[in-house]
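Both of the next two complexes hold chain A, though its partner changes from chain B to chain C.
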Partner chain A sequence: MKRVFGDRKTILILLGPTLVIYVLLKIVPVMWSLGLSFFDGNSLSGFTFTGFANFGRFFTDPIAIQSLWVSIIFALLATGGQIILGYLLALLYVFVLRKGSAFIRTAVFFPMVLPTVAVALLFRNLVSVGQNQGPINDIINLFGGKSVEFLASSVGTMAVALVMTYWSSMGFYAVLLYTGLLDIPDEVIESARLDGANGLRLVRHIVVPLSMPILISSIIFSFNSTLKVFDSLLALNNGGPGTSTTPLTLYMFQTAFNYSDYGYASTIALMLTILCLLFTLAIFRSSSRKAEA
Partner chain B sequence: MTTMKTMAEPILTSTPSGRARSRRALRIVRRIPVWIIVAVLLIVVLYPQFWMIMGSFKTQTEFLSNPTWSLPQHWDLSNYIDALTRGNVAVNYRNSILVTIPAVCLIVLFGVAAGYALEVMIWRGRNSVLLLILAGIMVPGQMILVPLFTFYFKIGITDSLWPMIITYTVDGLPLATFLMAAYFRSVPREVFEASTMDGAGALRSFFTIGLPLMRNAILTIALVEFFSVWNDLLVALTFTTDPSLATIQVGLLSLNDQYGSTQYGPLFAAVSINIVALLIVFVFLNKKIMSGLAAGSLKG
Partner chain C sequence: MITRRSRRTLVAVSLAAVTAVTLAACSSGSGASSGNAASGKDPKAFTVLTANENPTLTAELKELASGACSAENKALPLKSQTVAQADVVQKVTLLASQNALPVHFIAGTAMVTPSGDLGKNGLVLNYEKELKKLGVWDDILPGAASTVTSVYGQMVSLPYQYNIEGIWFNKKIFDKLGLSEPTTFDELMADAGKIKDAGYTPFATDGKDAWPVTRLIGDYIFRSMGPDAMKDVQDGKAKLTDAKYVKAAAAVQQMAQDGYFGQGFVSTDAATATNAFLTGKAAMMYDGSWLLSNINDKSQDIIGSDNVGLMPFPAVAGGKGSIDQWPANAGAAMAMNPKDYGPKVGQWLKCIANNYGALALKKDGVVSGFKINKTVTNVDGPTKMVQKKVSDIKQTVLWFEALMDAKSTSLAQSNVSLLTTGQMTPKTYMSQLQAGIDANK
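Moving on to the complex of A and B:
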């Protein structure tokens, strides 16, 4: 029996394509990129070895530092909001709507499958001012406020980008966390209720601790995807006004493909990778420490 | 949170039996906050999409003179015709389809095979290979763009759709392989072992048992990869060396630069096509899509 499933030819046929593609087009480029981050130039002008100069440049480049902060702040606020809204929705589905939640679950999930570019263009128009004022400013006018030109400031742009991220992904996180909440045995909830735990206290002391594992994985997943934010800030306001809402990913893209600075772009990509790893590790450490305590 | 409290409170048990009607009334009153929350939620989620689709039928004058809440006066399709012809959106859709379908097929095909080889087949080092592939999920796509761009340029395929197809395959393959390995793990080994009793080889058992058994998993992974490829902007933007190669996401972006602040109709129409097309897919496959995307993120 072992011999049949140990057949080398079969393994080679089945795994071969994936392994070849993966090694040639992923591992080799990653190594290549790692190497490039120590060089200056591009493939047309040629490369010169500059050692750690690109890294020094990164930490003294005001735009790089700014975009690093844009990415981190966006990731923190986006993750916080997504998880909180998703969790509240999941609680609503499980404990309030119960069996009747299927339609709402599906409807709220739907924006997740829409392209970020389309959602960004939608929100651009929702908050627009001027001749073709969008509904958001109409609502502000209705309550007596003056129209706000959200996309003219970096805070406004960030706020719209965040709201848009919440809008499109809260339904997804709700479903993710909902499946986790369903795994909590009914008896546990019932007996806690009989012991007098109600409402907020039930959620805080019973439901949240029991759904911790899925909460942690959701947070890690959310951080890893929001640290790589690209489409939404690009399509919403092209990283502007100026470069004030340009995330690391967009800065890397512009450095590589608008300014053909391959070496420095590779350094920025490497910093992004390190950032993702650091955040993942930090969440892992803090969660395991909490579990021990 | 207030609704949570009301709902969690134990139902009054001491009510006299003759007052069933008032009890029902009380229950309805208690449900009101829930209904309000649900209504607000649905409006927030659905109204922007509805507003965009309604806007796609409006004329330029309606955009400028009528309130933004108003419905279109006629069901006018000229914005759609404008977007599809002048705005190149038809070409963008064709490109998106020509890129997405081959990429998803390659990902699924290679992913299923690799998952079987890594999970059902028994050989030394398979766990390290799986771990190596898992590490690939963690590395952001930005890391490989510059080298791949140089590579495609050297072999002279930059003015075709191939760079996108290949890059999407590379990007999607680690997750597909990893998920397939997990799906194969959940099948009892006896199923595969029994199939080789009559002398069939492992390769044959992959085609006769493995593939049919994984029908559901394959569809799930195909959907997950479809959305990530179809909705991607980064890779598409990198390898669009010519406007004729632009996928729909890149096309929407340039349509916005072109019309964005002057002519609203065609842009609204182009976005609406996206919403409606994906809505149709979603209506039929929402259970699969939802569970698939959830599985893809948690295991990834």
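Moving on to the complex of A and C:
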């Protein structure tokens, strides 16, 4: 095996095609988009060079700034919830259900395989009011409350979007973290128990530190996917009411394809890339410091 | 849902698409050839791009191809393509930049105006000039022609529909409550109050699509400030933040706060709203004359077509507008590509102008902007009523967003849910919209 990978020709033959496809489909468009962010217009009206004007526009565009915050807040809340719920589930699998967790694991994981748009339509109907009132409001009515139109307010829409995200993805993070927990040697936990560490203390001082690497990767993974949230918020309420739950991705899409403003849309895409990069770097830095300590 | 799925796919390849588009842009930089539009070359087929949401048009053109226009179809066979309404601007922009526009295609409102992307590049045929050459200009109803010209700034769309908009109402409920057709906005509000007290929803409202709500703001503006009110805003002669414009937004906000649109209207979709009206749960519904296809469908219309009435948006006390200025539109823009406009395409155009009006009315009860050249019998009652109203119209007005750019239109419609739920003041709503319009100048 070592001889095979030591041969440059082999490496070239094995990696070459993939690399070419990757560069053509990924790097070239990204560079192209980067270039476009200095232009104004679209393919039909033609492009005019505007220098950094699009960047100036981004920081003075109230909708862009609002979208930036929607993306950040959604990413923070979604990641926090996903990881905490996933971790709690993983602990449940390992310490409470033990060998019998297979069924629950599958059941909780199941929503992950459903298309996001279908899930969003499901939740739309769950919280709907009026002619076709959904079960959530029926329950509220049952307890004497008045029907709430969740999707008419930003907070309501955001809350529904978050619950939806938790429901559909916590099973995935639970499985991811579960495998991390399985890697902790039984002897370590056993000896900690003998030393008198139980329950919360065991989790806090033994389990969490030992599963830190997988926890960090889960957080990075989750951040990067939730920062790029698009389909769930689009299908749930089209980024509304108003533009109050429009994330950067959706705003970018609308700018490019509904308003035919490719240049500015590329600028928004670039800002999103920078944002993802910053988040990843921040997490890596804090985690490497922790690993040293 | 199909739209959403395709959007999802689209964003996945959006980066790649941007590249492709840009590559294509390099090759088709030169444009303007509108001067000698008629000298185009016939393509291999009469390709027509229509919206998924409008299957009627596709079906009727096919019917023409096998019937009245079979000779034209033999010379140049009809080929249908469709696109989701929401993706029209994107698809047409792409096709145009790749020099691959179909002969006859749907386009976004702002694209075909003289300053729009297609208009600027000479990619839309001037129908008035060509139809006159073909000797069939008379086949376009003057009202429809003037509506097309006032929306798009030039005669660049064929009026496959000629819609008027107003308030559909349930005569039975009105009779039961002893109400008559209101002629002023105050009367309308008073009636709505009585209807609500009687346990009906006053206005079935498709708040999810938002336009039925913004239309009310527009109509109020046209009634209070006259038919040129929105043009004045576009020309910079007036601002949406002027007190009278803000008052329109406030009036509609008040309607929502009074519960006249029904519970949960913000997330109610078109099908649910139509159903509420046609099953007698709601007494009124603001919609266009295209609702006729639902009303004439016996399986949908439970209240009976005799019980359906249509009234214009009422007058506003002391306003400059008049109740008989109906809001009208001529459907989505259906343009023709001048580069493909050869003699055979011309024959197709002539045949459509000659025959479409009668066919659409006979087959689907659609009132179009084409003259009806054959007598059509067995027209449904509600269709007859609309036809009568259309023929009596002297002056029409546009709709709220008609002259706005794509982004301002989207802003007007997305923010209206914030306005009606009281999360945004009428003043803020109008000032954000004005800022959007200003930014596009």
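As a working rule, the second predicted complex is superposed on the first by the 274 of 293 C-alpha atoms of A that agree within 3 Å, B and C clash if a C-alpha of one lies under 4 Å from a C-alpha of the other, contacts with A are read in each partner's own complex, and residues count from 1 in each chain.
Note that in this section a contact is a pair of C-beta atoms (placed from the backbone, for glycine too) under 8 Å apart; a residue touches a chain by one contact, two chains touch by 3 or more.
Here the structure is a predicted model, which means the values were calculated and not measured.
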Which superposed partner A:F59 touches (first chain B, second chain C, both, neither): neither
First, second, both or neither for A:S153, with chain B first and chain C second: second
Contacts of A:G239 with chain B and chain C, given as first, second, both or neither: second
Larger contact residue set on chain A - chain B or chain C: B
Chain B versus chain C as contact partner of A:L121, first or second or both or neither: both
Which of chain B and chain C A:N258 touches, first, second, both or neither: second
Which of chain B and chain C A:Q133 touches, first, second, both or neither: both
Chain B versus chain C as contact partner of A:S45, first or second or both or neither: second
Touched partner set for A:L36, first chain B, second chain C, both or neither: both
Contact residues of chain A, present in both the chain B and the chain C interface: 25, 28-30, 32-33, 36, 43, 116-117, 121, 124, 131-133, 230-231, 234-235, 249, 253, 256-257, 262, 266, 269
Chain C residues touching chain A - in the complex, by the definition given at the top: 1, 4-5, 7-8, 10-11, 14-16, 18-19, 21-22, 24-25, 29, 86-87, 89-90, 93-94, 96-97, 117-118, 120-121, 262-268, 272, 275-276, 281, 405-407, 410-411, 414-415, 417-418, 421, 423-424
In the complex, chain B residues that touch chain A: 1, 3-5, 7-10, 34, 37-38, 41-42, 44-49, 51-52, 55, 63-64, 67-69, 110-111, 113-114, 116-118, 120-123, 129, 132-133, 136, 138-151, 153, 166-167, 169-170, 173-174, 177, 192-193, 196, 201-203, 205-206, 227, 230-231, 233-234, 237-238, 248-249, 252-253, 256, 260, 264, 267-268, 271, 274-275, 278-279, 281-282, 286, 289-290, 293-294, 297-298, 300
In the complex with chain C, residue positions of chain A that touch it: 25, 28-30, 32-33, 36, 42-47, 116-117, 121, 124, 128-133, 147, 149, 151-154, 230-231, 234-235, 237-244, 249, 253-254, 256-260, 262, 266, 269
Chain A to chain B touching residues, read off their complex: 1-2, 4-11, 13-15, 17-19, 21-22, 25-30, 32-33, 36, 43, 89, 91-92, 95-97, 104-118, 121-126, 131-135, 138, 167, 171-172, 175-176, 179, 193, 198-200, 202-203, 214, 217-218, 221, 224, 228, 230-231, 234-235, 249, 252-253, 256-257, 262, 265-266, 268-270, 272-273, 276-277, 280
